[in-house]
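Here come two complexes built around chain A, the first alongside chain B, the second alongside chain C.
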Partner chain A sequence: MTKLLQWLLGVGLLLGMWACLVWDLVPTQLTPQWKEVVWVAPMYLLMSFACYSLATIGYRVATFNDCEDAAKELQQEIEEARRDLAKKGLKFS
Partner chain B sequence: MATGSDQAVGMGMVALSALIFAYYTIWTVVLPFVDDDHIVHQYFLPRPYAVITPTVAGVVALSAIGSFFGYVMLQDKMKKKAK
Partner chain C sequence: MASKKGSDKYSVLLPTYNERDNLPLIVWLLVRAFQESGHDFEIIVIDDGSPDGTLEVAQQLEKIYGKDNIVLRPRAKKLGLGTAYIHGMKHATGNYIIIMDADLSHHPKFIPEFISKQQEKNYDVVSGTRYRGTGGVYGWDLKRKLISRGANYLTQILLRPGASDLTGSFRLYKKAVLEKLVESCVSKGYVFQMEMIVRARQLGFTIGEVPITFVDRVYGESKLGGNEVISFAKGLLYLFATT
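Right, the complex of A and B next:
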């Protein structure tokens, strides 16, 4: 079974359970306050995932291992190689 | 080490996501259990907005991404025609 199918099955199962609880297809003893929470649950999970994604991206941007010296050195080496090869007759676009 | 401005932007995004998560959690999960005459309720919009607002924001975000994508594709086509 492909990953996509697994995910769709999982999501379908969760949505099915949610629908049963929200539309009273199954007898439950939930208080009206808990019913309110259940009703908003899918949107809450979506929002949590969005916040988690934003936080992860932001954190990775903030802790990126940027070595400016190595970058400059690399640029110089590239220039050197270009000049060397151009001398030997290689054409650059 | 990421450059200073990168660090600021990154940590800003982390802080923003924490704020949004906390506000939304209180709005959807905590408020139903709080008495209707508690002053906390005045800091939050009526409950249906907890579903409407993210949906509208999502639609706007997807449209923005879609238009940007379409714009870039059009630019590419125009360039190819000019050649």
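Right, the complex of A and C next:
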């Protein structure tokens, strides 16, 4: 099953259950207060997910390692390489 | 020279286009890394008709380091990465293939780490990651980091690939695994690298990860444009819908 189908199935099931509860397609003993909660649940979950996503991406950007040392080390190695290659007879342009 | 580490041989595929300045440096670093670790290796340079004389420099390197270590397999013109790998693999005598960029953004010092990681659990693929552990980048501004993390997050949510860095191209593959993957992949560019990992999972191959540092010296000159973002999005949706 492709990821697209998995998502469609998952979302379909959840929305199906939500619809059953909210529109009384299935007999339940939910009080009106619970019905209110269920009614707004999808939107609430979506908003929560959006907030979680922003927070996660923000955190990952903030903690993205900056490799200053790697860059410096590379610079030194480049110089060493050029000297060694010149000794071995490489003609740089 | 006798191989000190058993009968494994590592073929490094280096597709090049206009890398006249960087090619000698990356080759020097590769030779040093392999000589220090004692593993048997060869470097296969696949130049796509670079107008700047990359092939001529490659020929000089072949003389300096020997035909066993530097293997030249040039092509007439720019024909794309997937076919470059296929072309390179045809002549590879190693049982493991390492793919990496030739512009010094990937450092050969990580190769011994890739090798030991692979041996840990006999992984089919070892992928370098910029996003985990001690992995990271140099030379990216906030905007670039944001785009990178945002795109990667989206990819993780939609594809759940089991690897943290999907667009990276510093990897070690078992030769048979790479052959199988390249023939199953249809995308190009960034998306090709993504598709390789996704297909690897699909086909049940095991994937290990090693943190790497990515030193971007090129970014300042080649901005991440709207075109690249669009083709990434298209590619992501394609993989989402078909795998």
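As a working rule, the second predicted complex is superposed on the first by the 67 of 93 C-alpha atoms of A that agree within 3 Å, B and C clash if a C-alpha of one lies under 4 Å from a C-alpha of the other, contacts with A are read in each partner's own complex, and residues count from 1 in each chain.
The criterion applied here is as follows: a residue touches a chain if its C-beta (ideal position, glycine included) is under 8 Å from a C-beta of that chain, and two chains touch if they have at least 3 such contacts.
Worth saying up front: this structure is predicted, and the values here are computed from it rather than measured.
In the overlay built on the shared chain, the residue A:L46 is in contact with chain B alone; chain C does not reach it. When the two complexes are overlaid on their common chain A, residue A:I57 makes contact with chain B and with chain C alike. In the superposed model, A:A70 lies in contact with chain C only, and not with chain B. When the two structures are aligned on the shared chain, A:G89 is found in touch with chain C, with no touch to chain B. Residue contacts after overlaying the shared chain place A:Q33 against chain B, while chain C stays out of touching range.
Within chain A, the residues touched by chain B in the first complex and by chain C in the second are 57, 60-61, 64-66, 68.
In the complex of the two chains, the chain A residues touching chain C come out as 2-4, 53, 56-57, 60-61, 64-68, 70-71, 74, 77-78, 81-82, 84-85, 88-93. Interface of chain A with chain B (complex): residues 33-34, 36-37, 40, 43-44, 46-48, 51-52, 54-55, 57-66, 68.
Contacts from chain C toward chain A in the complex involve residues 20-21, 24-25, 28-29, 53, 57, 60-61, 63-64, 104, 107, 131, 134-140, 142, 145-146, 148-150, 153, 157-160, 213-215, 239-243. Interface of chain B with chain A (complex): residues 1-3, 6-7, 9-14, 16-18, 20-21, 24-25, 28-29, 32-33, 47, 50-51, 54-55.
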